[in-house]
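Which chain is which? They are A, B, C and D, in the order written, and residues in each are numbered from 1.
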Amino acid sequence: MPRRGSLLAYGLTRLILAFPMLLILLTVVFTVLRIIPGDPIYALYGGRAPLSVIMALRHQLGLDKPYWQQYVTYIVQIFTGNFGVSLGAHYGGQSVIAVIDQKLPATIELSIGSMIVASTIGISVGLISGINRDKVVDVVGRLYGTTIFVIPVFWLGLMLQLLFAVDLRWLPVNSRFDISSSPPATITGLYTIDSLLAGRLDLFIIAIRHLALPCLTLGLVLSGFFAKTVRANLLRTINADYVEAARARGIKERTIMSRYAFKNALIPVITVLGLEFAILFAGAVLTETTFNWDGMGRLLIDSIEVQDYPLIQGTIIVFSFIIVLISILVDILSGVIDPRVRY
Amino acid sequence: MHALDNISLDVTSGESIGIVGETGSGKSTLGKAILEILPPRTEVKGRLVFRGRELGQLDNARIRHIRGEEIALIFQDPMTRLNPLMTIEDHFVETIKAHQRVSRQEALARAEAALASMRVPESRISNYPHEFSGGMRQRIMIALALVLNPSLLVADEPTTSLDVIVEAQILEILEDLKRTYKMSLLLITHNLGIVAEVCDRVAVFYAGKIVEVGTVDDIFTRPIHPYTRLLLQSIIHLDTKELHSIDGAPPDLVSPPTGCRFHPRCPYAQAVCREKIPPLDQFRQDQLAACLFGKDFL
Amino acid sequence: MLPMLEKRRTLAGVMSWIGLGILVAFILIAVLAPIIAPYPAVGPNSQFLTPPNPLCGACAPPSFSHWMGTDNLGQDVFSRVLWGAQTSLEVMAIGVILALAVGFPVGLYSGYVGGSIDKAILLVMDSVYAFPGLLLAALVAAMLGKGPFNIGIAITVIYIPLYYRVTRNQTLSVREETYVEAARSLGAKPWTIMWVYIAYNVLITIPVIFALSAADAILTAAGLSYLGLGIQLPTPDWGLDLSVAQQFLTDGAWWTSFFPGLMIIILTVGLSFLGEGLNDLINPLLKKGRA
Amino acid sequence: MGESGCGKTTTGRAVLRLVDSTSGSIKFEGMNITTLKEERLRPLRTRMQIIFQDPHASLNPAMSIGRAIGHPLKIHGLAWQEEDVKSQVLTAMREVGLTPEEQLYDKYPSDLSGGQKQRAVIARAMILKPKLIVADEPVAMLDMSIRAKVLELMLDLKKKYNLTYLFITHDLATAKFLCDRIAIMYLGRIVETGPAKLIYNDPKHPYTKALLQAIPIPDPRRRARKVLPKGEVPDAVNPPMGCRFHPRCPAVLPTCGWEGRDFLDYLEERRTDLEKGKVDEANLGPLDLWKAKGLVAERQCRPENIAIITEYVRSILNDAPSPLSKAVERVKNVENRLVVQFRNPDPLAPKAVEGRLVECLLY
């Protein structure tokens, strides 16, 4: 007879299972950066710098050693928190970790804001669509979900910029903060939180106004995925056998909808949340470019442009860590909500 | 599609009546029609009179109160009928509170009593549905149906997904309920053996219509309608000496045959059976059949 | 597959037809671009120019001779947009077809043999799948260099895990079907079972994924170009043209960004209509088939 | 024959080596095939075939009926010419009554009715002229009215080709009608086996008795109160000790294999009685304090109340059904643990009883 599994044991298992995933991601990064085209220094500087410089750089980075040695050093360095020193034009000489530390809060702020927009709009559209199955509202909702999801995020960003910033002048065009005012003192690095911590409502409003367009852009695109998932799940739960059984027991229709249909429909949404974050980060890179947002995505693209190889590697690795962290959180969250998940 | 057509059935208090029919005969639609929980856009015509009140004329709030409180329904597959995210306790408390103003303690006490009467350990009330076996879940479903003391229990293939011994256990529970609580039972099944063991009267369904109604003794020993006869013959039971089957396949209900719906498969069919819809006539005391030639089969 | 679309005029059917129509139209545009484009894709067509716009070089708003206007170099936007279809479809086709060619057999094998081989492949694929595709493609593209073929390869990397997952999951469920066990009981060899009994029944779910991933591939390719990591000038490409046009947007030159974006949207919306429609049509068929 | 989860389907598949067995041996035509390599087994597959429960699922939806029936010939290289294959297929289709065969040849499984599909599956099995057919619930998915016809077909084929059937079913009535010998399975063991007539007329094993009694009889004049085993079939991964039926058996003895878990089940069962449950709860606290391992059930107690609890456990054991209470060797205290120790069960082996083999300590 099945008994209740322990949530703690489940959480620990997920944590242990996440380790190979991280290792694989790190290996993929290693493979792409060092094995595919020979090595990064050749790929990035080949023909553009004297051979002696290249050789010296190669030696400095340990690229003249056999792959397995490089791999071991690489893994050891990552887990000891040593991400190396930037070689590029912008941040040359700075520690990679320090650079990332500056940029990460911007991306986190953008991501959280976008997730809030996406889940609010997406879940609402999905629920409304699902309840009114095959009615006009539903068709509109479905078309919205399908269409918004495939609109290029940078194009949507440009159009929103054009409308709200250039034409209507309601919101700032780009960047994280007004040039005329100085951002709040760094505590978390998130301008909204920091300004609230500093008790400066005016700065908070500036930060929110700057966040609005990028978050709306990214959130809108992402909401399509939410809308589709929620609708599909709601259609399933609304017709579920246990809903019919609850109705036969004379449970109020409102209770049935909220406790049986909605709640159960939102469970699978949690499991696709990990995937949503992958899409979100890809979108963030584009959105940061469109809105000149000084975050991790911009950092990665800039590093690729100036061929700053330690910084490229560091950025990608931090993204890997975040992805793995999110996948653990998502698993644990669904374990907390859904008793069947704890095996 | 006409799942059911011209159904007329009386259930008296404390009686158990069996509804038998093959897959697709519309028998399950009946159970849901009684509780008015058919899918939206389903049209129900006719009168459902429950203890002198016509259900069709009641407003939604009244109907909701009748569901569960006066008429309870248990289903075929107990595995999918409980909300996987709610504990058994939540199911009970919610059901009781949907009908009566009682404290949570009072509701819990009733739930525990109902569970205990179904031999489910009350210590497991805070478990989730997936932590129970199939037979246990069906007991929980029955306990959940009984906790409000309904006067009519509609059981829609309650044992179909269960093994034969557990099936027998559940059937005994149903019989006990009928005896101790004087509850009426409407048992929907495709298994004639179950009807013979549990029910007082039987209605035989074919293609969305009742073809014969009578006491179990009459139906099983001296059936009138050819379909009932052939159906009884085609059962393979322990005393079966030779095999019988009914030619052809059950009709689809989108375009059922004209006249008597059984005529294409009936070995006794005459030309008139194709045109004339046979009424449900009384042939013996308490035995009605919808066959134009019913008299010949007496 | 298509005859069944005719039977019911459901939303799914209509969506599929619209999507298919759009896809065919874009393929025609790409193939016929040399004939139908009024101007060459590269090089200024400045003879029609009104006085040069001081803010955005040789750009001009839409007019009778330039339906979608001209860009900062005086190139005809309409022509570039038509030629751009070639680039997009080429990159998309390379990416998606290669991904299918790798992901499908690997998924089929992995799902069929199961065990630790399957678990290992799955873990690798899932890890890659969880990673933001665009970032991975950007990285690969930066390493491989920039040309339509290399961009196609970079995109393939993202979609191999997708095809692998879909194929593997479907293989897992088909493998449990009784007819596969029946084939084994008949004495069929694993190869026969995999390709005669399983492959086709897995393949019917692929068109949906094919259409949806094609839409996504177009977006990713455009994104790469937009970031300056994809196709390089002067090759006509929607994403690239958009990124160039972006700097003139605040000066009011909306047409140079609007039309390339519109093309991307029409094509991706078409593809995703096709995918969604097929999904709604194929899923019930699969379910009905099992019942 | 047995209930779901008793392992009857696995047995059928193991006989054909579709699943591997962990112990024991399988012999086919005198040859031990238990560990035979798949390549060596393949030629033998022409002589042993299987018919599955779900005819729809046993046919590849992407293969026409004709191709599906003829495919075994190609797999085994028995016929290569298309016309040759087709003529053999058409013959096989006529044989199983799948007519008009020319028209049905190019149809797909989804175009056929359930009965027709099962005939196609039978034809596919018969085309190799097998000696043994494992039939796994071949009519369970078919409508009542069609079952009889498929069973008749199977009987005809048996007579005509002198086939051997291993007929797997949960339906005692069908088994009785069709089979010469039957084996009753419970939770992975055969509990009784012998000639069908003998077993149906006079079942020996308590489980067989319970099964026969449980089937509903379509005759209202033969209603009777039944003595049913309690509970449900337990988890096969971790089956009960000794006779696997002992926790449910109405005729159980103290030596049948009682173990620690049974004591926990007994405690849990007492909680279904409102009064006893309340008293137990007050004296013993929650059930999950107890752990069962092999012959032992035990729990930690505080030193000050271990004596009272031990006394209470003894008293409820006296209240228990006698086989259970007699099976307890002793209730003792080890340090701060209260231990309920069961006796070792008697060894269990199939015994010849009145013309059949029964695995039960009653005999």
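To be clear about the criterion, contacts are C-beta pairs under 8 Å (C-beta built on N, C-alpha and C of every residue); 3 or more make two chains touch, one makes a residue touch a chain.
All figures in this text were calculated on a predicted structure; none of them were measured in a lab.
Engineer: Listed by label, which chains are in contact with chain B and with chain C?
Structural biologist: Touching chain B and chain C alike, sorted by label: A, D.
Engineer: When A-C is set beside A-B, which has more C-beta pairs in contact?
Structural biologist: A-C
Engineer: So the centre of each chain is just the mean of its C-alpha atoms; given that, what is the distance between chain A and chain C in Å?
Structural biologist: 22
Engineer: Centre to centre, by mean C-alpha position, how many angstrom separate chain A and chain B?
Structural biologist: 53
Engineer: Just give me the whole-number Å value for how far the CA centre of chain B lies from that of chain D.
Structural biologist: Chain B and chain D have C-alpha centres separated by 30 Å.
Engineer: Give me the residue numbers in chain A that touch at least two other chains, ranges are fine.
Structural biologist: Where chain A meets two or more other chains at a single residue, that happens at 1.
Engineer: Residues of chain B that contact two or more other chains, please.
Structural biologist: Within chain B, the residues that touch at least two other chains are 133.
Engineer: Touch graph of the chains shown: is it line, ring, star, complete or other?
Structural biologist: ring
Engineer: Kindly provide every pair of chains that touch.
Structural biologist: Chain-chain contacts present: A-B, A-C, B-D, C-D.
Engineer: Give every residue of chain D touching chain C within the complex, in rising order.
Structural biologist: 13, 16, 18, 41-43, 45-46, 49-50, 52-54, 56-63, 71-72, 75-76, 110, 121, 124, 128
Engineer: Please give the residue numbers of chain A that touch chain C in the complex, ascending.
Structural biologist: Interface residues on chain A, with respect to chain C: 20-21, 24-25, 28-29, 32-33, 36-37, 40, 43, 134, 139, 142, 146-147, 149-155, 158-159, 161-162, 166, 173, 274-275, 278-283, 285-286, 289-290, 300-301, 304-305, 312, 316, 319-320, 323-324, 327.
Engineer: For chain D, which residues count as touching chain B in their complex?
Structural biologist: By the definition above, chain D touches chain B via 3-4, 113, 143-149, 151-152, 170-174, 176-177, 200, 210-221, 223, 226, 228-233, 268-269, 271-274, 277, 281, 286-287.
Engineer: Which of the residues in chain C come into contact with chain D in the complex?
Structural biologist: Result: residues 177-179, 181-189, 192, 196-197, 200-201, 288-291 of chain C touch chain D.
Engineer: Mind listing the chain B positions that touch chain D in their complex?
Structural biologist: Residues 22-23, 112-113, 115-116, 119-123, 133-136, 163-169, 171-172, 190-197, 216-217, 220-221, 230-232, 234-238, 240, 243-246, 249-250 of chain B touch chain D in their complex.
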